[in-house]
Amino acid sequence: MDIFSIVFYLFAVIIVVSAAIVVMSKNIMFSAFSLLFTFFGVAGIYVLLNADFIAVTQIMIYIGGILILIIFGVMLTTRITGVEIKSGTTGKIQIAFAGLISLIIAITMIFLFSNTKWFTSELQPHQSTIENIGKELLTNYLLAFEAASVLLLIAIIGAAFIARRKS
Amino acid sequence: MSIGLTHYLVLAAILFSFGIFGILTRKNAVLVLMGLELVLNSANINFIAFAKFGGLNIQGHVAAIFVIILAAAEVAVALAIVLNIYQNYRHINVDEIDKLKE
Amino acid sequence: MQDTIGFPILTWLTFLPILGMIFILLVPSGKDEGSKQVSNTIIRWIAVVVTFIQLILAIIVMFAYNNTLSGVNELSSFQFVEKIPWIKATFPLVGQFSVEYFIGIDGISAPMVLLTAIVCFVAVFPSFNIDKAVKGYFAMYLLLDTGMMGVFVALDFFLFYVFWELMLLPMYFLIGIWGGPRKEYAAIKFFIYTLVGSVFMLLVMIGLYFSVGSFNMLDMMDLTKYFQGSIFEGTGTTIRYIAFMALFIGFAIKVPSVPFHTWLPDAHVEAPTPISVILAGVLLKMGTYGMMRIAFPMFPDAVGYFQSLIAVVGVVSIIYGAFCALGQHKVGMKDFKKLIAYSSVSHMGYVILGMSSMRPEGMAGAIFQMFNHGTITSMLFMIVGVIYDRSHKRGLDDFGGLANKMPVYTGIMSIAFFAAIGLPGLSGFISEAMVFLGAFKTYPVYTMISGFGIILGAAYMLWTLQKIFFGKLPEKWAGPWDPTKKKYKHDDLNAVELTALVPLALVVIYLGIVPSPMINLMSASVNQLIEIMKPFVLIGGQVAGM
Amino acid sequence: MSPENILLLSAVVLVLPLLGFVFNIFFGKRIGKPSAWIAVIILGIDLVLSSILCIYKLTTDLANQTIGSSADTLQIIIKDGLIHSKLIWLSVGDVVIKIGIGLDNLAAIMLIVVTLISFLVHLFSTEYMSGDPRYSRYFAYLGLFTFSMLGIVIANNFLFMYIFWELVGISSYLLIGFWYEKKSASDAGKKAFLVNRIGDLGFLIGILILYSTFGTFMFDEIFDGIGSGILPFASGSMLTIAGICVFCGAIGKSAQWPLHVWLPDAMEGPTPVSALIHAATMVAAGVYLVARVFAMFTADALTFIAVIGTITAFISATIALTQVDFKRVLAYSTVSQLGYMIMALGVGSYTNGFFHLVTHAWFKAALFLASGSVIHAMHHSLHKMHDHHTDPQDVRNMGGLRKTMPITYLTFLFVTLAIAGVPFTSGFLSKDGILAGTLAYANLTGGWHWLIPILAFSAAGMTAFYMFRLLILAFHGQPKTEAAAKTHENNFVIVFPLILLSILSLWIFYSPDPTNASIGWFHRAIVQPKTAVPEDYQWDFLLIEENAGESIKEHNQSVSNHSEHSAEQVHHAGHHYINKFAEEEHHFHGTAMMLSLLIAGSGILLAFLIYQFKIFSADNLEKQFKPLHTFSFRKWYFDELYHYTAVSGIIGLSKLLAWFDNLIIDGLVNLSAAITRVSSYFIGHFDNIVIDGIVNLLANITGFFGGVLRKVQTGQVQTYIALLIIGIIALIYFIF
């Protein structure tokens, strides 16, 4: 077992455990903080996959943006002092049913992934991806890029519009 | 056995399942959103894994970036909706919001 | 490829109205009566400004235009060309499907571009009288403008077709919503007629595409580029004759030539004034333009086969249209607009006759006649619009003695009428004379027959002139003070109407005295077109040796 | 003057009236009455300039030269006394269309005719039209007309000719219909324009034939082409047809039979206009055209021209015998005289034909202006009496004007003598020449051609008769109405043109010998051009004899160099006739003179016997020859004939076609639409009942199951997601 594997499994464990906490914890704040670890773990996996830019993006956007947003959402919608800080689940039968479904899908996917002969290419020597991503974004994916920026703009405006307090 | 493509895929599958579980079980809309984030992250792992091993190369990275962008937008809008729901219902329990039924 | 300006001017020319349309749609419509007025005024002036800029651009194009270059089927001598891949898709069975955004002008389209810009600009002014759904009206108007301009600059058949259909839709709504009492009938009739024409065109277009492998019109004109064994390969085959006939009918509906003309009187009668102006001024030209741009150079062999038939269609249109116009004095509604509609049929017949001659004079005369008919008929329809606005009548028997009440109006109208009957010194004469000169060399007998058209033309025009303007003023025209309109009903032209009419009158007079700028514009292209046709068609020469 | 300057000056002469037109159209109304004087001054300048041009042209012998080549934009050519320019107007591919103006003796003399009469008419109109609400507009139209007429005169190509031809038509339309409140006036304008258009169509076809043959509009190039043996469609008869087609233009404009019907109606226009347009200039344009392109007419075409001219001269003379409207008599006399000119050109008497044009222009303009003077006076007198029903133009309301309007009477008398062909007038000279020409022609060709001189002489007799009838009825005897008695002589502005024009009708201005015009300057200046038509298609007597050309040149030179005495000597010395026809004409000169004097004298005598001395009662004669009288009075029923054939035919056809278009063609379209609608109605019902029934059945079944499955729809997002995922799993298993 080389150091690479160790690191991978370390991150994998972090991810799995924290994800489990996210979905199972009764306390919504716990969930939120576990989500932080999950995101960190995923960022680590990205690093292992030579995706430096994506890893940085993951940290900056997911952790710096999305997570903060979610926490704000929690705070805004939950009376901190009230009873509702703990989030309930939907009931025993549903939990069992959902667990079953999740299990089935997990087993199915793992089965599929491990039994498929993926087409694999030679590993590329590692190089910084930032420059290439930049080029791609501004050439082949220019339209998509622009569309995405418009989408973000719309999302901002839309979010502000939806969330505004009705007079 | 060195860490290969399958490892990453399996990890992603597990993450995905957790995400689905979260979405299906939680009452709180914000927690549902967290589940959704997990699902998106698992997808991203797949993209990046294929970028490295499957010859998807830089395109995989770009796709991942777009997923992240979409996630950001989605969270913003979804939280806005959540706030709106909160203002209307004074709670954000998704199982009690069944106006769609009518 | 000549790009003398270094600026995609044709794209601007074409899509500027769309930009204007967006602006117009952004203007908030007011809630109360006062703010509604304000927003309507803003919308109207946006339309004026947009079409005016378009006109300026068109004039710039004309100045920058190099009239020694021929165009027609040579890519290298087209001007202001823009060529960008637009749609590119690969289908498993069909193969690659590619459409280009390919535009440019040559001597055939240049006069039409100018005409479109002029007519669209002047027709804005009579549109000021539209009070119903102003925003929608002008949005449609500008969309129509883009469609028309696009048809004249497109060099890719698919693009051409797209613009062709694009212009159809706003026209349908403009007639169907803002039209007269039988507007639905007229709009549907117009729509179906034109759609039938488009279907013919579409079929041939697809056939050509499979034969050439692209929608590039210039490739379609090159017989050597046709695939081996494709349906339109070779010359003189039956399928090519059928295809040409389909195209010809498709375009003849638009012209409209007898016997495909009956949509025109109805559409004109029901359409509001500015739409009549555009319909007669620009839309009809698309038919003959399509023949010159597409049907003729792509199927020269079929033109040779059907040449005398085309000439006959022209002659019949001239005579039949003139007779029907004359008949409007006696039967039916005695509608002024209907009379002009039939006169359009007659005048467009000269274009077809000129084209069929395949002589440089005839061909150039045909293009020039297209331009002149556009300006003259626009004037005529606006003239009808002027009295219709004042009296809400346009029957030929409803008026009389207007010359005394409205002298300026009568003066401008005389110019239009005399231009329409081909008075020398006005532009209509030059083009008709050139058509005659060319056509006589190829078809002397047909030309002599069509000569009766000028007598009939004079007859119905002078008759109209007499009924409406001469004689004694009838009682109702001594009309009382109309308090709602704050003017006498028979007021002479106001500033808005003058702005629309005077430029056209000046163009008509100027081109009547100095036609060479316009003729030089098209000269090289006309020659090139005739070069393409030469191996296949009958071209009259000096008749001495015959 | 250099050639450029001559042409420049001609262009100035041409354009000046146009400036007047533009000025009066835009500013005339604002400045009011002075606008007329501006027009008069412009015409005065024009008159001076054209006089300079004419005198220079007639007295100078220009050497042949060419400035510039045919490829240049502007080329100036002097050849055989014609100085002209060629300017490239349009070029399309290999087709080059040129225009230009030219000046030769013919045009130079015509310039004076047009500008002088136009000037006098302008002057006359300042008084005659005063008080009209569209006073300045009237002068604008006069300017436009003068411009167009001058354009016809100095055109050197068919295209220009045709352009100005049409412009003349339109300005005449505007002027005839000037009082457009009257329906009859606007009708007359329309009629004039349309009838002219029929002739113009022929003209256009003629031009098209020539253009398609020679590829040019230039007169000289076309003549050269014909001369070098190129014929349209390689056939001489096509050349004849081309000639006849071109002549059709003249038939229309010069009101020749069968298109003469517009001219009498055109008298609805203001009287000065009638003098300018319908007496002296515009109607003479047809004659001018024939003279201008004389070189291209074949023998057959010339015969056709002569026959048309003769018929016109005769028919209109018979109509004029019975008309009672002052101006209509003059109108028919104009038609008749125009027929004379056309006939003269047709028989080959080129110089005399054109000579008659000029002399006729003076005296007919004078007649019309005199009639204008009479009508003006009658109108005023009626106006003072507040009588608005009596027709001021009807000769039956006049009489005795000799005493109240002495100057008008004297001038009218003099020009009536001129038109009747009494010696010492210009009319005598020119008419005599024409009659001699017809005799010569008939003698040379023989056969039925003798009808031409016979009809010509009888028309001359009738002319003398009806002119004196008019004179006697209007001026002699007792006033027949109160209004006539109260008329007054008009003021100087009206009378001056009358005097000037009647002075111009003296013989002395054209020839020192009152019996023979051929020794005057006019006949030296205007010489029949060398015919371009190949000998096979031309009368041999019209061909210019080879040696004759030389002697003519010498003759001309000697004339310009020596005194008239020596000219006379050369004249009598013998062989200088340009062709056989001229010689024959000379021989018949004496006979024609005697005959015409006899016939005119008897015509005048008869008029005096009937109307002055009442030896024969006019009423009795009328009763006796009732059918003939009615036939003449109703103008041979030409108007009715045309109305019931051509006009009704065309209107009927147009009605039919409009109806056909409305009902049949549109009907077919609507029928197909209706068929579609009906079939769609049935299909719709089928669709509604059968197909829709099946669909509804299915829908009910679905509804039932839907009701069952409805319970699944909880409205909860999570349930939906769960179901979705189950679906996906199922799909995965289904696939693999």
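Each chain gets a letter, A, B, C and D, in the order it is written, and its residues are counted from 1.
Definition applied: a contact is a pair of C-beta atoms (placed from the backbone, for glycine too) under 8 Å apart; a residue touches a chain by one contact, two chains touch by 3 or more.
What you see is a predicted model, and the numbers here were worked out from it, not measured in a lab.
Innermost chain of the displayed assembly, by C-alpha centre distance to the whole-protein C-alpha centre, is C. Between the interfaces A-B and B-D, more contacting C-beta pairs are found at A-B. Computed centre separation for the pair chain A/chain B is 6 angstrom, with centres defined by C-alpha atoms.
Separating the centre of chain B from that of chain D, both taken as means of CA atoms, is a distance of 94 Å. Our note on geometry: chain B versus chain C, Cα centroid distance of 58 Å, whole angstroms. Separating the CA-averaged centres of chain C and chain D is a span of 36 Å. Counting partners per residue, chain A has 90, 94, 97-98, 101, 105 as the residues that reach two or more other chains.
In chain D, the residues that touch at least two other chains are 718, 722, 725. Applying the touch definition to all chain combinations yields A-B, A-D, B-D, C-D.
Residues 2-3, 5-11, 13-22, 24-31, 33-35, 37-38, 41, 44-45, 48-49, 51-55, 57-59, 61-62, 64-66, 68-77, 79-84, 86-87, 91-93, 95 of chain B are the ones touching chain A in the complex. Of all residues in chain D, only 25, 89-95, 97, 159, 162-164, 166-167, 170, 173, 177, 180-181, 183, 186-187, 189-190, 193-194, 197-198, 200-201, 204-205, 208-209, 211-215, 230-234, 650-651, 653-659, 661-662, 665-666, 669, 673 touch chain C in the complex they form.
Within the complex formed with chain D, the residues of chain C that make contact are 189, 192, 259, 261-263, 266, 320, 323-332, 359-361, 363-364, 401, 403-404, 411, 418, 422-425, 429, 433-434, 436-437, 440-441, 444, 447-448, 451-452, 454-456, 458-459, 462-463, 466, 469-472, 515-516, 519-520, 522-523, 526-527, 530, 540, 542-546. Residue ranges on chain D touching chain A, taken from their complex, read 718, 722, 725-726, 728-729, 732-733, 736. Residue ranges of chain A in contact with chain B, taken from their complex: 2, 4-5, 8, 12, 15-16, 19-20, 22-23, 28, 31-32, 35, 38-39, 42, 45-46, 48-51, 53-54, 57-58, 61-62, 65-66, 69-70, 72-74, 76-77, 84, 87-90, 94-95, 97-99, 101-103, 105-106, 109-110, 113-114, 118-121, 123-124, 129, 132-133, 136-137, 141, 144, 148, 151-152, 155-156, 158-163, 165-166.
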